[in-house]
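This report refers to the structure that appears directly beneath it.
Naming follows writing order (A, B, C, D, E and F), and every chain is counted from residue 1.
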Amino acid sequence: MELQFETRGLFIASKSPESYPSPRAVLLGAPLDTTVSFRPGSRFAPHAIREASYVLETYSPRLDRDLEDVALIDQGDVILPLGNVPKSLETIYAAAYPHLSAGRFLLTLGGEHLVSLPLIQAAHKVYPDLVLVHLDAHTDLRTSYQDESLSHATVIYHATALLGKGRVFSLGIRSGTKEEFALYGERLYGAPYEVYGKLPEVLNLIEGRPVYLTLDIDVLDPAYAPGTGTPEPDGITTHELFRSLYWLASHGVKVVSADLVEVLPAYDPSGRTSVLAAKIVREMLLGFAR
Amino acid sequence: MELQFETRGLFIASKSPESYPSPRAVLLGAPLDTTVSFRPGSRFAPHAIREASYVLETYSPRLDRDLEDVALIDQGDVILPLGNVPKSLETIYAAAYPHLSAGRFLLTLGGEHLVSLPLIQAAHKVYPDLVLVHLDAHTDLRTSYQDESLSHATVIYHATALLGKGRVFSLGIRSGTKEEFALYGERLYGAPYEVYGKLPEVLNLIEGRPVYLTLDIDVLDPAYAPGTGTPEPDGITTHELFRSLYWLASHGVKVVSADLVEVLPAYDPSGRTSVLAAKIVREMLLGFAR
Amino acid sequence: MELQFETRGLFIASKSPESYPSPRAVLLGAPLDTTVSFRPGSRFAPHAIREASYVLETYSPRLDRDLEDVALIDQGDVILPLGNVPKSLETIYAAAYPHLSAGRFLLTLGGEHLVSLPLIQAAHKVYPDLVLVHLDAHTDLRTSYQDESLSHATVIYHATALLGKGRVFSLGIRSGTKEEFALYGERLYGAPYEVYGKLPEVLNLIEGRPVYLTLDIDVLDPAYAPGTGTPEPDGITTHELFRSLYWLASHGVKVVSADLVEVLPAYDPSGRTSVLAAKIVREMLLGFAR
Amino acid sequence: MELQFETRGLFIASKSPESYPSPRAVLLGAPLDTTVSFRPGSRFAPHAIREASYVLETYSPRLDRDLEDVALIDQGDVILPLGNVPKSLETIYAAAYPHLSAGRFLLTLGGEHLVSLPLIQAAHKVYPDLVLVHLDAHTDLRTSYQDESLSHATVIYHATALLGKGRVFSLGIRSGTKEEFALYGERLYGAPYEVYGKLPEVLNLIEGRPVYLTLDIDVLDPAYAPGTGTPEPDGITTHELFRSLYWLASHGVKVVSADLVEVLPAYDPSGRTSVLAAKIVREMLLGFAR
Amino acid sequence: MELQFETRGLFIASKSPESYPSPRAVLLGAPLDTTVSFRPGSRFAPHAIREASYVLETYSPRLDRDLEDVALIDQGDVILPLGNVPKSLETIYAAAYPHLSAGRFLLTLGGEHLVSLPLIQAAHKVYPDLVLVHLDAHTDLRTSYQDESLSHATVIYHATALLGKGRVFSLGIRSGTKEEFALYGERLYGAPYEVYGKLPEVLNLIEGRPVYLTLDIDVLDPAYAPGTGTPEPDGITTHELFRSLYWLASHGVKVVSADLVEVLPAYDPSGRTSVLAAKIVREMLLGFAR
Amino acid sequence: MELQFETRGLFIASKSPESYPSPRAVLLGAPLDTTVSFRPGSRFAPHAIREASYVLETYSPRLDRDLEDVALIDQGDVILPLGNVPKSLETIYAAAYPHLSAGRFLLTLGGEHLVSLPLIQAAHKVYPDLVLVHLDAHTDLRTSYQDESLSHATVIYHATALLGKGRVFSLGIRSGTKEEFALYGERLYGAPYEVYGKLPEVLNLIEGRPVYLTLDIDVLDPAYAPGTGTPEPDGITTHELFRSLYWLASHGVKVVSADLVEVLPAYDPSGRTSVLAAKIVREMLLGFAR
């Protein structure tokens, strides 16, 4: 009798990492969970998303492609110095940069939204003409939050400063201060409440530049993704989100790296937010890591 | 070093109540939770909604208005004699009447739907030509329920008797007895399953009269508001509800008072029902307290 | 003073079973919960659905019909030999066959999806030209799963083998292997991602044959039915499901038996999945048991 | 093949009620849940306790007796007029009195502690020299609570007034006002913090009189019974409680009726409070209904 | 900068499995979860216990020994054919036998109690004079349960038949039928309600024979281990359990293999049952794998 | 009719803060929740403990004293700069020092255990001969943890460095590394696994010096306090803890300040950990603020 022993997660199920001397895609966990003002718990997301992936198949009928067809490695979670934000961001940068500079599609699982900052910095280092596509319920454009400059609420402000005018595209936004909303149309492109319908316009404006896609799970309505830190009612449906990802994948948008942040498994006893996150991960890998 | 200490809830965050000698809007909690037949727990709603309000911003991008612009006081919760329904209703009436007679926009957080009865009575005392706009999954038109006349299931029956023929507009209804549904078209206006599409017709019928708006959270589909006592599938989306509120606010409907009832925080571990309720409260205050 | 004591569930509330010497419709629980690969717990569904039914009225405004108008008995749950799959399936067959051969509309509450197999076998015995209408997120077309032929993941494969080519109609499917999806168009009719829009085509193809309707609750988006074992994002709304049931009921489709499977109450603290299941049961009974 | 269908709860599992034309013991549910000041939910206790009883055996090794040996009927739950306290108490009285006057051992499942009042009144009517043994964390000796005389917090005060001086024995008490604690030693017997060690003294003082035993589940430490409304730390263990019940059963104390109140299933996801309550019910039935 | 990546669980944290060509101790998961009559979910236990182990240190102050001092490998979970009990038991036997015959201390994490049967069979094959020490709340001595011979409720009956008279020692038992309790003193040794106090007597009776220790977590009071399938009130404390393990470890009892079964993580939101299980695992490894 | 409006928490219920120009006791919340390695959530503790206090009476029968007899103010929660540990510690110091230097008994609610560090520093500034009594499951004696010196796992190490040899008394400890346990008997006093029995010895050693009492809720067995971050099995009972507090209060130990840390409300759906914490707070205030 031949025995089988369990492995973990859909994303390493098909082949062993050793089979890929030069992987095309890398999955990385970055469980930073330090600057949140309301609910903590995004540190548990990378683990929960991997576990939840068992519910899914490796094949996507929409994309007609299977994870077996992608040279993918799951790098595990980077270990962060607890409570030390600057060193945590350095650590994430150091874990991400080698993969990006090797031309791999890096998909990072947060953690809170601040993890995107070192990832965008690393991607910008490799791709100087990088643009940011930002799907979120919140503007995240504060210059400081509760006296701190490095915060989940300031991450897009920092990205805008780094990438420059016209290089940040915020979609699905429905919460922020009056001052933050006033910035749309000025320094950056903002499409409050909309995602799918604005993609052709965005495509036109990015003019073939490499794209970093940051996806805060709360861009979705809390009915679809209840496991998040700052649920904002009146969001988009999962159907609109998946349609948007398929649109990007089929229109030649060059997504060089992406992240998925602010999943808080503890607030969703049904586990469907983590399953949804795992499906987003699968579709991103199948759609963007070609 | 200057220290800050915590206040409670978005609705009193901007300025101290003492700043408003003559407030324009008043928030009141009425945690009555006595006549429910299925699940209790709406008594915890006012507290949970205030707590959940921390997730939100004070600014509404849809209405382009901020809570700082409203002379608002949060009156706290009225304390009710436990298990004594008639005296509880008297107490709620006594807490509400002074604000209404002073011309303030009173927004009350239930509690079960029976809290609306003394509130409608008080508003009717001040505005004799009052009409009721009723958003709910249930008819609430029984004349008695489990042998009791004063019940969450009879509240609209009592309101109809008080306000008179043609003065009650029920929208979004999808559950009731055959006898109750037969009353639509007779004594009162009923739009089963619909809300937004019927508003122009309702606007026309109310002919500029002052409106009391009672909003049972279960008018929404349970996917959006799982924390409620009698979840009824196949309801409206939050998007339709907010669109309806914005429509009322922008078409000059004179909403003089409103309530939000039947939120049961304990049945929603994600807390999104309370956050949604807090956003409804914010948009009502910004939209109706002008 | 006359005292009343509680009975259990909406489906036996109106009249006592003894009143129906020849019932028209039968409700049966089949809490099989053995072959699931991910989350167990569907064994608790029949009980939870009966309890949740108290939230509902006996009257359907959409169908304008009341449970009092249906000669219905609730047969309770069949007791299954624990951990013995073949004997469990025999037991379910034995409980179902007498009702089907007596021409009653049998509605069975799972349990996992494998319960459908003996039910379809019994219905096929009584109605040799039976067709299967299958609403589900998953193909369930594997020939074996984790080395076992009798499994929730193989049930439609077995049904297809039994009923023959062109007799199985799968709607709403959005998850499976590449090989399973390839079967659509070959041995069986598959409408990935769609339900309501395909019904006229299905009606045409079934040509008046008797229909067994199997409904896996996960055909719905997890936002509507979080209490299930393998939640698959991007599903249909409850609104689309109910519209589909009303369409079938009003177009003379001869549904001779049905089941509702894969409800897992423990993963939905709001209880709304069970309430939704109870409403589906009510609408099926009112719509199909004529 | 012979089929079996499920019955409900351990307490009716052995024989059908019809087998007992003159039962020796009666189980009754009284889901009153109206006057609580903190957490509601005891209305769900009778149902939850019956469900939880499936975990247990019918045989008690400590008492070496089986439920099959007791002529027991489960009367179900009395239906109460919602929100009407005086009529609810009348209803409970009316349901209890016939059993008590027929000499049956009546065991009632609350509901909140106020249910004990009509039960004690009915027992006192039948047994004029009744004494009350009261196991609880709280004194419950207020004369009124939040302006109401009929309340869970006043029930022992009312019992003391009814039964007279020296007829009430409160054990395990560890919470109350200074004024309430001052009453011990005056009108009534109080043994703060103790139960088992005081039983011989209590036995001596009751001098063979018939006993009504009221058991508030919160006499136990919340570690053992977390599912309750007002958990008071530093209580007795389940081991001490069961030892006390066995002691009473084996020392000829004539317990003519009993109740078990303040179980709140919703606050205990493990369900162990309900299982514990079911075991207490079994041991009381086996120990006292001889 | 040197990066660290996450490993999983305390039991593999210190060194890589490759470092031990001839391990002294083996940890194995056996997530069988098929024959339970009440609550399923023990399949999740091995994973949850490994996760929970992160809370603990590798050092035991009571035993003054560290996991680093044990040549330990974690073998992962054996994959079982779903719903096929006989083949599942064969699979567990096949996974266990090689380790036992190589003289390793095998510690298996259930799964339901039926997993012990093939493990005892394998241990008996290697050690023909094996005795069983059985810590449990339940007798588990039925000859069949719900018509099935292979069941969690029959496992000790089967073990008794295999090992022979006087070779099974049941401790802590407090639930069973009258017939089962009658077997104590006949075919097997039973110490109802007691554990620690009986160990010297047990030590004397086993006369130096090799011991298989089966530990059903429900031997503990549900206050300490709420996450279990059939919680039985009035059990032993964790303090008594640990004292018993230390006593066995320090009195030269030759425990050659052990298991820990019936942990159900889902019923304990605090996670303390899994942490407790992990600590029991650590102390068994440190105490018995010398 | 006179209306009453809600106040918040037992500790400000009796009189308004304004009544005490020179309070004797101060309650302060310090929701630091940044350096934890396992579960976050202690930030919600101060709020949850105040809410839970409503379950309790203001009178302690053990101490025969009422909160009305203490000149107490509740200072609310200090607002901390998110994710900035050094500034957070400064902020807590600044909030605490004025009360301590004014001779008030300051009782602080964490937050994680690191909050104790600035509080001990402030108390040491005011009382140079301060000793620390430390009740905990864990040694917390690491010099750094995951590369960080300021951590919940290093707090007692820092305190030992500050207060000096023989000035720290750790009781109830049952988890740590071999190196940490080796420190007991050297630099500091450690009583692994014991609390109450060691108090006379501790009393003797502290020789009348002022005491800071730090109480990590996990010194208790997780059965009593499941809502904590690193539950360690085999702890003390609540009964032993309260007996210890009463012993300290009645033997003239001069406790000048205290804290209660590591309560995580989210892991305890019964809420009993917060109720227990509130009772500990009440007994500390009544026992130490004389």
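Please note the rule applied: contacts are C-beta pairs under 8 Å (C-beta built on N, C-alpha and C of every residue); 3 or more make two chains touch, one makes a residue touch a chain.
Computed from a predicted structure; not experimentally measured.
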Those chains which touch chain D and also touch chain C: B, E
Copies chain E and chain C - interface residue numbers shared by over half, same or different: same
Rotation, 0 to 180 degrees and nearest 5, that superposes chain E on copy chain F via CA atoms: 120
Between chain D and chain B, distance of the C-alpha-averaged centres to the nearest whole Å: 40
Separation of chain A from chain E, taking each centre as the mean of its C-alpha atoms, in whole Å: 42
Distance between the centres, which are taken as Cα means, of chain E and chain D, whole angstrom: 38
Two or more partner chains touched - positions in chain B: 79, 221, 223, 269
In the complex with chain C, residue positions of chain A that touch it: 54-57, 59, 61, 64, 66, 221, 223-224, 238-239, 242, 269-272, 275-276, 279
Interface residues, chain D side, partner chain B - complex: 33-37, 40-41, 43, 79-85, 87, 145-148, 150-151, 266
Contacting residues of chain D [partner chain F, same complex]: 38, 174-178, 181, 192, 221-223, 226-227, 230-234, 267-269
